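First the structure, in the form of structure tokens, and then the observations on it.
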């Protein structure tokens, strides 16, 4: 009996035949799926890369490439991000809202996560339900609700930065709770019990043992809240009173409907890079803090972090 | 070990915040929608007492949404856009999620990062990218003319349903792929091996094992994207800013930011929220049913 | 009173509708290695957790050296626990883990350093101070957990199935080490396990638990050789159980009848009449050649199969009375003179046979109710 033939033709065949063989290989991975996945990834990411590229365009066009230039970032004395006050203020406002959001939502969310995870008495079910609701509410409904409450009921707030911060925190709390609670469940009660067993009062067990173990989740949720807040459009727009309270997404939105310059690409790129940096930092911090707890081959965390 | 009042106390700040800034605002919407309008100032007059609620405006909005009303077309159009977008997202997203979960091998981590990446890129940035590409002198037109598909540039951004659907798909598909991936990843390899061992072809194993077991993922992802999609107004406004491609969200937007008639806007919002709640309940029921079936399979 | 004495009085714990621990009474002496043995769900872990302070009893007392600590919070009790998963703090290294309790007690720095060093030396892990728990093997982690608990000089050490996660060989080694450690340190060890061999190896005394109550307490030898209930007989080791009818019962000797054979058994203080079960351990069941001179307590049988287990051979015999009995023959290297499918004679030495009443839920079959026939004529 002759040896089993090679599973696909390689040497001695024309490139076309080899390609056909590669595609038809019954032992190989499904080629159609491979092609489709990579086509999707390219379709998903390349347009953004092109937009980033055009933020460095030498001319005023966003569609025809001329030469590399940083004029839209700081070079152009009128229209660059550095010099154009509307763009600059939008950047500042976006960071302001995101920063305030993190500082307020994360502590409230961590406490809420701890409380909800351990509380089993009356009211815990309803509280849990209230916490989950913002996650499934469409943004426009929330935007309308917040706008009306600040103009018809809590009129001392009106629209503006305060309203925007209040709105951002409201939808961010739930994200913090979900992330921190997941971590709480995987930790379990054993460390607090061990601490109590060794003489730690409940307060010490919470602060010296549980909180340090929650650090990766807290850091990760801070990164997530920053990203969500920076990306937010609907709530920010509905609670904005124009001018300086417009954020970067709002500027991009209004710009795309007018005749934008590549400076819009530039501001979008700046925001995107900041967010990606912070998310990566958060993810790296998570990995570093949980280094001691991981067994070999645990890749599931990537998916979990993608929320 | 811990005092019983500890956990409710820790929850209190968060719960209070959410009540004041989430539950109460919803009540504000109800108060305005079921309120009246000052005839002189054209300002909404909210009514806070449920017993005195005025259903006039909500009824009016219902009329406009019913067949023959001025918004009937918009409503139907919204449903059609969402349905097509969901279908396309599934058609594209399922193979990608499937490949990543089951066949990616060593590249799984990298591909997963690349798939998660768009979630962290601002939605506006992603729309901006396509707005640039779809300009009359943008790369899309230039490429299509270069390959002789088109003889002259098309106005993709001048009011076309397909552009809106395309943009919706592009924008929302990452949110579908992730839960889909998670559910496909969870399927135990031994189920598939058992199917093959019992004589199923690869396609048959997929149809009879993988697909049913991924139903909860499909439903979860569908919920995750259709609910927000129904309220989307910025996507049509960016890629197709004409009334003939407007969605329900655009109407709400109009009545708050156009010539403001908040009462009408509030009424429409309530109806939208009611519709979405029904949709949500349907999804939850389907997921519950799907999980029950999977439970039976798992017991085998 | 000896240090480390535990007394449980009518200790009860209910969860919702379930009684996990049903009014148990227990007395553990100071400096004793005492085990709680039972299947999962029998209440042994719940009992341990109540003694540690992580669960509050529904009713009853927990007396530690005379003081009722049932409602004292865990950080005020002078007991320490070695957890099933060790629960070493992942964010602290070995030294900080072991020092944790001392720091909570605000001991001075040099005292902490000295005591931690001694504790690590005790468990043979000197020099491992700076390691993180993720860098340690399972056995090493367990020893750090031990050191962490022992460094505080508790009156009682509670161990919740600490060897469960280790492989068989390591488990055997650590069993011996734990027992030696207990004798060296001289404090009470309260050990929870479902592995009867483990309990028999290490304990000074043990309590067999089932369904929330204690079935029997005693030294390993007593519990193994003199089981007082069917459950204990069946849970420890292999028991050969046969249904029989009691002819006469007494403290010195009993007579039972089964299926036409009459046997003499060990005496019992238990109240046994009518239908009962008799039990004999495999290693006490003797096998004789078929047709040898019969006498007291002999039943013919057929060898069903032989199972080689390394140091011994299990011979499964179907007795003429119908039951399948297991005999254990040590492997002396001279071979086993019995073959599968051949007839053989079973000899049940009278003082190796115990009579036990039927347990709750155990119903006697009709056979045991048949009147004894004439003793079978010897052939």
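We just call them A, B and C in the order they show up, numbering each chain from 1.
The criterion applied here is as follows: contacts are C-beta pairs under 8 Å (C-beta built on N, C-alpha and C of every residue); 3 or more make two chains touch, one makes a residue touch a chain.
The model shown is predicted, which means the values in this text are computed figures rather than measured ones.
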Identity of the chain that, by mean CA position, is farthest from subunit C: B
Most central chain, Cα average position: A
Rounded Å distance, subunit A centre to subunit C centre (Cα mean): 55
Give, as an integer number of Å, the spacing between the C-alpha centres of subunit B and subunit A. 17
Taking the mean of the C-alpha atoms as each chain's centre, how many Å separate subunit B from subunit C? 60
Going by residue number, subunit A touches two or more other chains at 193, 196, 202
Multi-partner residues in subunit C (2 or more other chains touched) are 53-54, 73-74
Set of subunit B residues in contact with two or more other chains: 1
In their shared complex, at which residues does subunit A touch subunit B? 29-30, 32-34, 36-37, 40-41, 44-45, 47-48, 50-51, 54, 61-64, 108-109, 111-112, 114-116, 118-119, 121, 123-124, 127, 130-131, 133-134, 136, 138-142, 144-149, 151-153, 166-167, 169-170, 173, 177, 192-193, 196, 202, 205, 227, 230-231, 233-234, 238, 248-249, 252-253, 256-257, 264-265, 268-269, 271-272, 275-276, 279, 299-300, 302-303, 305-307
Quick check: in the complex, which residue numbers of subunit A touch subunit C? 190-191, 193-202, 204, 209, 212-213, 291-294
Give the list of subunit B residues in touch with subunit C in this complex. 1
Write out the stretch or stretches of subunit C touching subunit B in their complex. 53-54, 73-74
Partner subunit A, residues of subunit B touching it in the complex: 1-4, 6-15, 17-19, 21-26, 28-29, 31-32, 44, 46, 92, 95-96, 98-100, 103-105, 108-109, 111-133, 135, 137-139, 170, 173-174, 178, 181-182, 185, 223, 227-228, 230-234, 237-238, 241, 249, 252-253, 256, 262, 265-266, 269, 272-273, 276, 280
